[in-house]
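Down below are the structures I want you to see.
First subunit A sits with subunit B, and in the next complex the same chain sits with subunit C.
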Partner chain A sequence: MRAALAQLPLRRRRGASPFLGRLLRDRLALAAALVLALITLAALLAPWLSPHDPFETKPIPFQPPVWAEGGTADYLLGTDGQGRDMLSRLLHGTRLTLLIAVLAVALGGGIGVLVGLFAAFYRRLDGVLMRLADVLLSFPAILLGLAFAAVIGPGMGAIIVALAVATVPDVARITRGAAVMIMGQDFMEAGRAVGLPDRTLLWRYLALNCMSSVFVFLTLRFGQVILIGAVLSFLGLGARPPAAELGMMASQGRDALLFAPHISTLPSLMIVLVVLCANVLGDALRDTLDPRLRNT
Partner chain B sequence: MTSDGVLTLDGPAPDVAPEPAPLLSVRDLRTHFRTERGLYRAVDGVSFDVRPGRTLGIVGESGCGKSVTSLSIMGLVPEPPGIRAGGEILFEGEDLLKKSRAEMEAIRGDRIAMIFQEPMTSLNPVYRVGDQIVEGLRRHRALGAGAARERAVEMLRLVRIPSPETRVDAYPHEMSGGMRQRVMIAMALACDPRLLIADEPTTALDVTIQAQILDLMGDLQRRLGTAIVLITHDLGVIAETADEVVVMYAGQVVERADVRTLFADAQHPYTLGLLASIPRLDESRSRLQTIEGAVPAPNAMPKGCRFSPRCPLADSRCLREEPPLRDLGPGHQARCWYAPIEEIRA
Partner chain C sequence: MTVTSFKRWPWLAGALALGATMAAGPALAQNTITIVRELDSNNYDPHKSTARAASEVLFMLGDTLVSLDYDMATIKPGLAESWTVSEDGKTYTFKLRGDVSFCDGKRMTADDVVYSLKRWIDPETKSPVRWRAGPVEDIVAKDPQTVEYRLKAPFSEMLYQLTQSFAVVIDKANVEALGNDFGVKGFNGTGPFCWGDWKPRNDMTLKRHAAYKWGPPIYENRGPAGVQEIVWKIVPEEATRLAAVMTGQSQVTQYVPFSGYQVLRRNPQIRVVESKEAFWTNFIGFKLDKEGVSDPEVRRAMVMAVDQAAMSKNLFFGEVEPANSYISRDALDWNKEIEGKLPRTNVEEANRIIDAAGWARGPDGVRVKDGKRLSPLGYSFSAPQFRTIMEAVQGDVRKIGVDMRIQLFDATAGWGKLATQEFDLFALSFPYISAGDALNLYFRSGNIPSPNRMNFRDAGVDKLLDQGMTAVDPADRAKAYGEVLRQVHEQNVWIPLFHEPMKVAASNRLAPIKAHNIYGCGLYKGLDLKFVR
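The block that comes next holds the complex of A and B.
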């Protein structure tokens, strides 16, 4: 055992934390990263991996998955209430859900990071920007979703905008918090003392040093966004039928929950899996990228 | 009195050999801060000169305004809450307080450079040290990437970092505190500044490294002819490196003298108190002297002499009237009604 441990590559020197605990955490994170990568790959390749057309209805509704009684190998995960292949819909649904989450996090996270950096760097803007963020923060994401659906009309656009808007204030606050700490560091003043212009200080000194904590938060946020997005779709504010989206699929299957539970539970399980992996990965990233541990 | 150098006085010039014009001349500098608890006069009427190639030491305890003085010279006081309440900072004949932001940016790091107290946190942790030196260089000099890197290596060699060719690619966290302070010095001197402001450059280092860094600074000063403003609370550092000394208390200059005069013939009770609180090898004392009390709070500044609440000599006049900075000899001034004091038992 000891010999096996000694052979493991030690990536960083750490004194305090118990080594085995860390190792286990890292393994868990590795597993989460692998699963997430697999799911992403499958989602990306959905058009080629799908055994059937996800939109084509067949006269065999409510067929159970292959492992249940009455299932066939032709429809591995069975069919839904309209006789569409569940596996194909699951792959396409995951693809759409991930796309929505990525776009929302990129858009909202990008704006949030900018707001947070500017608030910390230009102290005069701080009050205004952060009060605006507080205002946004006081609207629940679901309410935002309803509002945008009412304005833009329900669909992909509304859900992405709503999720992005809901992401902005949190990211802005996290970024500002990290950036304010960095602003107090001596190297910011040292950079000024060398005569560096604001542009350099803002991007190369401030932003680069905040990125690790912001990145961790965005990873965790990714899981939340998928969850909220699924809720919005479940409520019928997101993707429109016949498109496949995990939240909407879970919603469509709920009438058949008693006699064909796979229609609702499979997409729900996929959501759980993706969110879980994103959270585990985010936690592990936080542990490894925490700026307070970086100097050890 | 020493033969090397006499301070230029505020009043009529003394009849001695012509002095080189001061490189930096701070005149009645007032830097205040607007805080929630009222106006804080961090620097309140400070004047001193720094001549080319010489070292001026600024001494005082925490909160006396010495760091704010240095930040004012650099134009690094955040405004708000900082306020330029008056005075002028003449550098090579130009008033730095009248410069625009862009003009100050061009001067900082080029003609005036600064090194800081905390070498552990004064370097950007996500940069290689060489890149950091290069960035400052290229901000002020039209150098290609290759030439700038060569210059960075040369600077690291100048500050005696072993194997500078490989160290140039090291990250700050791979270096010790002393090494990082050397990198800071290399960065500060890369553009060959006329004036280097060193704010407690050795405070965070252990004693042997302190001596090395001070030696290095002295050596580079002789070679490059850089004038240094050395800010410290450590009179030992002053004795070793400074040519002239300004003692600050509560935002004011309380005594000004060349270094030998200060150590041999200090005239302000505060300076005497500081001197008495240094441990000495040639006297056996059971207890070190201390100055009772602390620097007065900025919003509770005494009406008369600012040192009067802690001064063993204070009488009713000291509590009532603020003493002016008075000439006591060539280049020697003190802000005390009792100066010159010949005999004092603090």
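The block that comes next holds the complex of A and C.
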């Protein structure tokens, strides 16, 4: 019986290749993936790609981008209100924004998966854990951000914790939903019958078989987290000056919208682009992994 | 300053946003003036708010015994048509006008003046500006037209303080009837305008006081006011306020973003009126007992690293006056002798000073001494002006290896945070009438932790401030305050940034107006506001 169980195919091994195949066929998803990869690469290499020090103030504030009247090739995307190079700040800002989103999704997603799995596997915990998730669900992410900023002070820490906490209940519910279905499968019963330890059943069979739906959700959530993170930074709860973060940069340019719109619009466009790509990719992933949508 | 070619749509957005908020009400009549401003006050009780937002309304709702001329130095009659000061400088006797009445029609007498001034100093009132009334021994009504203001010691600022909105005359019956709602649901004053309706954080409507005819002599029109109604409208967004002025939805305001003056001056429908006196100064203050900034050489280097001229030109569009003094040089009792000794921007010299003080650059370029990084934490408000200031100073001191950290707060939380000991430096701006006014407020050890947020403690300075405050001879007063100015500048307690001249943008549908600077309230009593077309 153990040998037979070992033969059970794991969804994990089948997930990647159909996705890649579909991605190559779906031009929109492919374009989104390429753009996102490019943005991520540029963000990762920001310290080397940036033409100027993103924090150095110079006596040339509000300089427009190269294509506008008065722009120069030295500062391709112009300068901000403190005379700092917009291109360098945009690269560093994207890096920080992506980092915040990745950390928040990883932290919130990780805790959410654990909560969902435990709720499904240990039924006596189900009621308590899901009610806790319900409580968390009733707090909007922005309110959580404000609360954490009040307790631990505004900054990156508060924003990551707030976004992670806001992610936990959704992920927990989705994981639990998927896990409860899998718990009813014959192979789980069989695993128990042959005396497999809880640890093996939980991680090797239950967790891995839930991963596809959780992964789809997290990809879609990634875009939302960037957006909410940007809103929190826009409200002054996120990164501290002189750090560059897209939401904060958009907020800083607000006062100069009248005569230097590039300071606000460039980081805003970057947010739109990243979120759009993440959403398109998430949709493509869902289409691939959801059997009901796979052949549509 | 270069302006990009695509600049139309933000106008539209601003105008639409404003239209949505302003067009919601009925169309305003020709004799209503709308003034847009950034902030509201939390109340309009003259003894319970220090906000400029409160003062600018209170100057219109009420009157003071004496008034202040546009030069910010000459005291003119107000509710008192004349006054005398005793030789020892301790007794002021005010002769009141006989024709003054409150908005409800009741005649104003010396008893009302006494009640108002005594409420100001009453410990039960808990007024944050009680000290401005001086060391009062007693205030008595000698007869219905005469008030005697007796001091325990001379107070050289006395008459200047009595021109402020904290000293407006209020109606005892009105205060008692309204209780805690005084200045919230109503206010019976003697000013050129009467309380209409207040919708907090939205608008404050004032109605003309028809019987008013006792305005300060600095106005051609002593009353009644030239318009029926004034609406103080709260519009927090800078661009929207500018759009309101450009589109004629607001006829007059001093709350135009610095970036907007260039545009307004080119607009033939609008005139920008400026006051030469810039008695509103922006500065960074050091907490003198905090590690790092407690080193006088660090402070000197930081002061020299900041480029006020570039800040004024580049960030504030040349609309402010770069400062290397803590108060305007036009202010009463400024010490001309220290002018040549004030530090000037010199980054190279600043680096040399901080090197010599033993602060060496670490691997990341930040200065370190005895294992401690030079990374002071700065607190200020999140309003655009303070954010700009903090980031500019952060950028400047970075050039000498100081890693300044910034934390900005909304106004509701900011004042509380600025009264703590959590930070190493802070940015603020403040209005003043004279050197004595500014120095007594910020540098008295008794005013620690707020407004003396620097924890500046110097018995010698306290003694000099006492001497200045109690001086009967103006020359003695100037000498004492001049010495304090020398000492605090020498110790680099602040980084002075810029003096903000008063600028008011007004529609040319209004008669020409003159900008005042009293407590930063450009329209003062609003008696010159009237439509001409």
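One rule holds for everything that comes next: the second predicted complex is superposed on the first by the 265 of 296 C-alpha atoms of A that agree within 3 Å, B and C clash if a C-alpha of one lies under 4 Å from a C-alpha of the other, contacts with A are read in each partner's own complex, and residues count from 1 in each chain.
One rule holds for everything that comes next: a contact is a pair of C-beta atoms (placed from the backbone, for glycine too) under 8 Å apart; a residue touches a chain by one contact, two chains touch by 3 or more.
Remember, predicted model here, so these are calculated numbers, not experimental data.
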Review point. Looking at the overlay on subunit A, is there a clash between subunit B and subunit C, or do the two fit?
Key: fit
Point to revise | Residue contacts with subunit A in the superposition, subunit B compared against subunit C | key: C
**Study point:** Which of subunit B and subunit C A:Gln82 touches, first, second, both or neither
**Key:** second
Point to revise | Which superposed partner A:Arg240 touches (first subunit B, second subunit C, both, neither) | key: second
Review point. Is A:Thr175 touching the first partner subunit B, the second partner subunit C, both, or neither of them?
Key: neither
Point to revise | Which superposed partner A:Ser213 touches (first subunit B, second subunit C, both, neither) | key: neither
Practice item. Scan A:His262 for contacts with subunit B and subunit C and give back first, second, both or neither. Key: second
Study note, to complete from the structure: Closest CA approach of subunit B to subunit C after superposing, in angstrom, is 50
Exercise for review: Would you mind listing the overlap between the subunit B footprint and the subunit C footprint on subunit A?
Suggested key: none
Point to revise | Residues of subunit A touching subunit C in the complex | key: 55-57, 59-64, 68-70, 81-84, 153-154, 236, 240-242, 252, 254-262
Point to revise | Residues of subunit C defined as touching subunit A within the complex | key: 1-7, 10-11, 13-14, 238-239, 242, 257, 259-260, 263, 307, 310, 313-315, 382, 384, 387-388, 390-392, 394-396, 398, 405-408, 410
Review point. Which subunit B residues qualify as touching subunit A in the complex?
Key: 74, 76, 78, 105-110, 113-114, 116-118, 121-127, 135-136, 139-140, 173, 184, 187-188
**Study point:** Complex contacts: residues of subunit A adjacent to subunit B
**Key:** 123, 185-187, 189-197, 200, 204-205, 208-209, 294-295
